[in-house]
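Common to both upcoming complexes is subunit A, partnered first by subunit B, then by subunit C.
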Partner chain A sequence: MKLKGFMDQAYEGKVRGEKRLDEKKGEFLLGFEDLAQRLKERPKRAEVEDLAPRDADSIVDLVISASPKDKREETIWGILSSLAAESISEPLFIPPRNFAGLELKRGTIILDGEAPASGPKARASGGAGQTSAPWTRAHHLGEKMSGGRLVVRGGAGDYLGQEMEGGGIVCISCGDYAFRNMTGGWGVVKGDAGNYLGVGNSGGRIAVKGRAGARAGWLMRSGRIWVRKDAGDYLGLMMSEGSISVVGRAGARAGWRMKGGLIKADGYGPEAGAEKVGGRIFRRGAL
Partner chain B sequence: MPDPLRKIDDLVDALEELRLHVGPADLQVGDRKVNSQLYISLANACLRNRAALLYGGMGANKTTLVNLLGSAFTDLSFDEVENLMITGHPEQTEEKIVGFIDPRQWSCPPAASPDSSRSSTRPGSSSFDEGAEAIQVLWTPWSRSRWKVINEINRFPSGKQNLFLELLQKRKVTYAGKTLDLGDTCYFATMNPDFSATYPLDEALLDRISISVPATQPDFLASLALAEREKEVWELAESLPRFSSEEFERLPGMVAAVSLDSQVELSIISLLRDFTLCERAPAFDKTQLSGGSKPSRGLCAGCHYFNNPEVCCWQVDEGLSDRVRQDLRSYTRAMALLLGLDSSESKIEVLRAVAPYVIWHRVSPNRTMLERPPYYGARRLLYVKDLVEKSINRTLNERGEMNMIFARAVDGEISPRVALEELSGYDDPIARLDYVRALERMV
Partner chain C sequence: MVAGYSEEGLFEIWERSRSNWHRPQLPRPIIDGSKDGESFPFKNYRIVVDSKTLEKGDQYLENLFDHLIVHYLFCPRSLDAAGRLALAAREGLSNGDQNQARRMVNIFSDIVVETFRLERSEEDEEKVLLGWRDLAKQNLSPLDEAVVGFLAYLWGVDLPSSDIPESEMLLSVFRWGVRDKTKWPRQCMQMARILESLEPGILGRGTVPSVEGLGGNAHSAPLSGLASDLEPDSYREILSVLGLDGDLLRWYRDQSYSIVIRPTSRVKESWYPSSLVKWRFTDPPSELEVAYSLSLAPRLIPGVTTYKREQECCGMVAGGERVPDLLVVLDSSGSMDGHRRGTKTHAATLAAFKASQFAHAQGAEVAAISFSDRMAVQEWTRDLVAVEDVLVQHLGSRTHIPGEEVLKLAKSRPGCLILCITDTHIQNLYNEWDSIQEAAALGRFVLFCIDEANKNRQVDEALGDLGAVYRINRLEDLLSLVVETAEEAYRGREPHQGRLNGESFISSE
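Let's look at the complex of A and B:
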């Protein structure tokens, strides 16, 4: 017996020999729910791209008409929003939803208006270190971007620009874990940023025109962070490379256990540079 | 000729009615619950050249049960079966166990005794063999018996345990240059937990023990039932149903006639690979590991499978040998025959029930796992049972798609390159370490 026959018998025809995706490729889509049903549990961008409509108008219509119900559908919608932005020459205006601009490669997305309250992860803002906003914030915006622009005309939620490799993001304010594990590109926060800004970064540039929360630049390996006002406690915690510049004051224990890199601030809280192994900490006035 | 299976059912009923074995129904097979100690011993009696180990404290009805079954299956009295048995102690010698040189051959001409007629010379001729040709060996009744019981196997010192290793491996016994072919035999062994007078069993011997079942002390109700037993065991044993030698010999053929479908075969192979594959072992084979390089000694630190409760590889130190595959197939068949389970769904349930007993004595779980919730502690069998359950469920549910991709590539329906690309998205040890390597060789 051939191996496929053996497997067929073992699974009694419950598993398709060919991937579901191949069978459905090029078929007519009934809507976003239909698209989501045809994809497996953790769909990849290439799989969504294969099933998505080919013409720009249809894909934009699909993005605007969709109402994702859970995290899986949100990621599919996020990839679709990127595909839509890439397929048109002018900026794509859509309401902010979780995962908008996921894996964006080119084009521009402008998130305007209030995030729909129906989204499972949409919740009122209130992350540490940020001003409260009257609108609900969308999370995971611009995640894994490698190009293009994402403009958020309002406050972004948590995980803004996480794992981004290129492109740029502009927003009014952001929640926690913004630009986490960033390897390239840039981000501008016109207001305040939450805690854990630029955690584990190994590249890219971040500018915050307001305040940054605690632990900005934690475990940073490369890249730059610039903060116009004050930064919270544990600035540059255990960082090994890169530079952090704070125009205002840094909180307690800035540069705690840092191994390399550079921190500049106008002033520091207690225990700045405690247990420091390497790197440099400067007071701006002393330079 | 009466159906041997019906007779086995009668035997089970008789053992219970005569209060000769009153263990709890602790083995769930599909929707049936049976006593593990009794049914695994019965399954072993239906097979040949497999060894079952009954493990438990003193007085847990291990030796008595095996001797009662021996009495019924070989149609000997209980006393005769008891006399056949050998018991471990440090002064036990090879001569007492397997046989000794017949001293009569030097005082009178050699008689063509039935005992010595069974012996044969070893293949290969040498001066030693030629000298040994004339030697007559008297094989012990235990050596000649087709129902071999090794009582308290761990009371044999390590050196003497090697005798059983050779015996279970070659199915032959050699003494003074003479070899006795043991033929198709049922092997049983009993073992107590570690005491001051016991010796550890080495891993090679444990691997040759096909199945191991814990024997527990009678619970409250069982003790009440035992209190009703008025006669001695040997007297009650006379009332047990007896098997003729033809019926006893028919059993292995009946087991062999039970077919295993692809679902069971696939689950068995995947189960073996789940326990054996290790990304950091030579040739990804955990059986190659030795000494300090074991999962419990920090081998897996930093491995991305480490601490993933769904993956078996880091949770046990030892890999599983191909003997486990053979044992799993044999005992699944035997248990399916005993319980009259024919359908595909029920055979996979039989495998789920039997596999932990085939595996648990061969592996050492990572101690940190035993001390975490749900706190398995000393319940090693339960821990291995959960690992087996995870592996089989994963094979039957989540591995379907990747198995089909691999099968299509092997059959030439898709190119190995395409299959490699597809399989690269599956973070499963079998896909990464077995399938991908096989496909790379095909490219």
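Let's look at the complex of A and C:
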């Protein structure tokens, strides 16, 4: 008797010859919460990458369907959004959410504030079927980017492009601490920027087409900041290198305690260059 | 008894169900209120059928028995597996509600069991669908509708379903199949997340199958794996989800079950045949039990119908002339950090639990003192629970060793073993020194000093003169050393030759 015959005899022909239900094969992942559950408290990009689906459609689906609840989940989602943008050839359209484009290396993310259409292709191309949603100012957008593009079709929140190493960000406006500790890449703000723009920068280029708030270029060590309209008080505070160019007027105490670098503006408020140790402050008309 | 329904008829259906599932060793069901239930002393896995169920007919009964048998055989199968599902369900629920978590465990295990049965054979499929079609006729809540709709999608059958998005979401959880047990906790957690917001109804009511199966004895079933993995509060909550009471005592007790002490002072060793296991090609041909194998099947198919006898070793241990009683002196001051996993208190209490249980099993009387600047004392007793009650006391505050109390207990049992576990931040040693010295002289004093890095050198040196002192750098070593000391003390009255005479084997299983 063959083994199959023996087993049939044992089960008295009760067992099916073929499987009744199809089982999905491949990576076992049950959604965003399941992924987040399996990661430790402060997950790194490599750890998220290990557990994330390999195929582009699945990862885009995961990004679209996720609803992160706390900061930890938001950072995981941010890394996933970058992985999704890197895995597809066309731009990734997603609604603005904190940490979008976190550690982005390549590809393009467009935050357009509109709910995506169904199906990953439609989501990726931003095609028809979209419905309007109220714009939310998301924070930490494009943080630690080292490549790629992030386009924000609305106002960004605080910490835009923080610790950026490369790539580029375009947004309509931004909150405080934009491009803080930037070491490379570029950022364009089409409207106004908040306070503390480019704090501690050691590289990169920032262009603001509107106004910049107080303390832009504070502790700057390298890089460039260009502001088309006016800048707030304490412009270039304690900066040691790099250049700041303001087409409009700078506020009070521009270049206070500066050690090096260059500040150019159309005019200055009181006490410009007070307690200055080094560096140069120019009035644009005087050049 | 239902009119026209005999016990023989019930047993016939029961035997048919058992034969469907390769005759699991389960007791016969009883009809609610019958005398048979009172005569049989064990309630474990006993199915009680009420008159309402009997009225539903043979096919319904067979379906019910099959369902319960697969719960017993496959999912959740054990109380530990049910606990892990409960943990997953609770984590999946945003509110952590215990009743809802229990409902999720029940629904999950029902889905697994029914899908497993449906996949097995056409005959089983018919029985499974019969039950669900019967359920679908009733007034269903949104949660019930979501599950029924999901099963219709998953099984590809005609079940009344409504367009609830949760049904499709559940499909993405179960499309990986239900056979892989390692996936269950994650599947259960995700299922709980999806179904959380829906209003419950018929499905998932009642107790968890494993608890129901144990018939009132679930409170004493050990859950070593869960206890080792969870903090006391989480452990208590998970047991509540299962409908059981869990306290600190049980948390320590369950962890201690996984620690096995195997005494090694054997006088004689012998091997004897025990259970039958599969004989495979890699085994010596001489071990093949031809006669037995042929009695089970007409043909010998290696690895399938071939059996051999397992051999077990029996170690003959010499009985001790006298068993020393055990006094456990446990530091529960603030510096020991309290009852959490990984703290000094945790390691010390677990070690004390195991030592007490071992001494108790050897026939010794046990006494315990838990001390800080106050103390809790259990005098010499054979009541292990009373001792454990004292050992789980965490008094906090400063470290004042109760020398006089130790001496009093040691005086009443000369020759006793005194295990003192402390981090040696003792502040009253000078005052209590004489009493401790006298107590140490009356018995065998063994000191375990935790926190080697922050030790008080003077205290340490002074205590070192009293007897054996173990200085512990890593908390994991404490348990092994305490257990080893206890094992050595109760080995019997053979001449002590240290470790050369044989290591004690301590394993955590």
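In this section, the second predicted complex is superposed on the first by the 238 of 287 C-alpha atoms of A that agree within 3 Å, B and C clash if a C-alpha of one lies under 4 Å from a C-alpha of the other, contacts with A are read in each partner's own complex, and residues count from 1 in each chain.
The rule we apply is simple: a contact is a pair of C-beta atoms (placed from the backbone, for glycine too) under 8 Å apart; a residue touches a chain by one contact, two chains touch by 3 or more.
Note that the structure is predicted; figures quoted are calculated from it, not measured.
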{"item": "First, second, both or neither for A:Gly31, with subunit B first and subunit C second", "value": "second"}
{"item": "First, second, both or neither for A:Ile88, with subunit B first and subunit C second", "value": "neither"}
{"item": "Touched partner set for A:Val188, first subunit B, second subunit C, both or neither", "value": "neither"}
{"item": "Touching partner for A:Met238 - first (subunit B), second (subunit C), both, neither", "value": "neither"}
{"item": "First, second, both or neither for A:Lys44, with subunit B first and subunit C second", "value": "first"}
{"item": "Shared subunit A surface residues [contacts with subunit B and with subunit C]", "value": "3, 6, 14-16, 19"}
{"item": "Sites on subunit A touched by subunit B in the complex", "value": "2-4, 6-7, 9-12, 14-19, 44"}
{"item": "Residue numbers on subunit B that touch subunit A, as the complex places them", "value": "261-263, 265-266, 344, 396, 400-401, 403-404, 406-408, 410-411, 413, 422, 425"}
{"item": "Touching residues (chain side subunit C, partner subunit A) in the complex", "value": "20, 91-92, 115, 118-125, 154-156, 172-173, 175-177, 183, 186-187, 189-190, 193, 297-299, 301, 304-305"}
{"item": "Contact set on subunit A toward subunit C in their complex", "value": "1, 3, 6, 14-16, 19-24, 28, 30-31, 33-34, 37"}
